[in-house]
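In this document, chain identifiers A, B, C and D correspond to the written order of the chains, with residue numbering beginning at 1 in each.
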Amino acid sequence: MMNISERDNAVFEAGIKLGALYHQFVGTPINVDTIDDLARAIEEGVALQPYVRSISVVIDREMVEKKQNPRFKYCELEGRMLHVSLQILYKNTIAAVELAYDEELDYPMMRIMKIEEM
Amino acid sequence: MMNISERDNAVFEAGIKLGALYHQFVGTPINVDTIDDLARAIEEGVALQPYVRSISVVIDREMVEKKQNPRFKYCELEGRMLHVSLQILYKNTIAAVELAYDEELDYPMMRIMKIEEM
Amino acid sequence: MMNISERDNAVFEAGIKLGALYHQFVGTPINVDTIDDLARAIEEGVALQPYVRSISVVIDREMVEKKQNPRFKYCELEGRMLHVSLQILYKNTIAAVELAYDEELDYPMMRIMKIEEM
Amino acid sequence: MMNISERDNAVFEAGIKLGALYHQFVGTPINVDTIDDLARAIEEGVALQPYVRSISVVIDREMVEKKQNPRFKYCELEGRMLHVSLQILYKNTIAAVELAYDEELDYPMMRIMKIEEM
């Protein structure tokens, strides 16, 4: 593939991982007691995929508390509850990306934070 | 709702839980090292839902080993890898159900194992 | 399996289908223009599964309109947007069930509506 | 965000869309009769998302035929059945990417095909 650089592939792979984890896990039943185990399971699932250098998943405890159904004591994981920091290492390039809730846009925003070519 | 018994509701709720967990988690990246944590996360997600009395999830290690991509060292969770035993308690009725791979039919079969009305 | 009746199996199968469709499709990007095609695709997916006699899926247009992100003009399918009527035919028993948003409980409620043993 | 180019964002967004559609729709019940409607529904879901210029989804009919359970006449959508061509337009940059089954690696491969900066 002419003209496709390491850098291109690094950010492409980063996008794949964020899109994948979002649509795999959104909808999972969750409450404040299971937040940490679910976050670990998501991290482990992402870490298995090609080129993942590091992954951190934090689920917003306050939002979960607020969303828990008063009768049934749980809710479903939503995209806006997720804070994900991910680094892809593709050959010699590191792409650091993030998924974080953008309150103003009311949207779970995915962003490239930094690209390092070594 | 006339004529709908506790027993009806117990098996109905059991079906809901099996269908839900199947389609929530199938597709998750997995390898032999993450089997146990993913199984726990699935159990915790199911246990939060209404009327669940007990839940046990086992993921077939051999199938995962066989399906792991030789280059990328992971595969995706498939329905046939899942062995789930679930008990629903609806008022005074317990419905015990199971999801297990039926080799002959090549199908992840869901079955009612036992219903106890106390 | 002693003591498990047609009726038990009919409501069990009905539960499986509702749980499955919910967790398969929740999270799908949607707006008012794609509501009908997505509802058809869900119906077709459910209709393929064993023992399904009939299935109707309606997605709440008003909720979608309200939830559409003003900037990006779409939202994600949520359980509370779904109204599903499903009939299972297991041998000679029909189980009619429903998924509908319960405003008071703020919960997408699944219910057995009617069971007919012929 | 210093140093992040249009080109970076275009391929990043392309990755997000492929990862998302894969993990949203894998697992959906399917047979040869519903292939086309499901492919359309996937296309419509993707087309709603930001920066999508074009999307084409083809589901491999032969694989579906081969995988259909002989008794139940359906199977589940798998990643290897998907052939997706996607173009992202981010400001003045077009990123064309693809998801296609790589037989040799036995892996549903996502690739950047072309990047045009206008």
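Heads up, the rule we're going with is that contacts are C-beta pairs under 8 Å (C-beta built on N, C-alpha and C of every residue); 3 or more make two chains touch, one makes a residue touch a chain.
On a predicted model such as this, the values are computed, not experimentally measured, just so you know.
Subunit D is reached from subunit C by a rotation of 180°, derived from superposing Cα atoms (nearest 5). For this pair, subunit A with subunit B, the centres built from the Cα atoms lie 25 Å apart. Annotation: 19 Å between the Cα-based centres of subunit A and subunit D. Mean C-alpha position of subunit B lies 28 Å from that of subunit D. Taken residue by residue, subunit D touches two or more other chains at 22-24, 27, 72, whereas all remaining positions touch fewer. Contact topology of the protein chains: fully connected, every pair of chains touching. Partner subunit B is touched in their complex by these residues of subunit D: 22-23, 26-27, 69, 71-72, 76, 79, 105-107.
Every residue of subunit A that touches subunit B in the complex is listed here, in rising order: 24, 27-31, 34, 37-38, 40-41, 44-46, 48-50, 72-74. The touching residues of subunit B, counted against subunit C in their complex, run 1, 3-4, 7-9, 11-24, 97, 110-113, 115.
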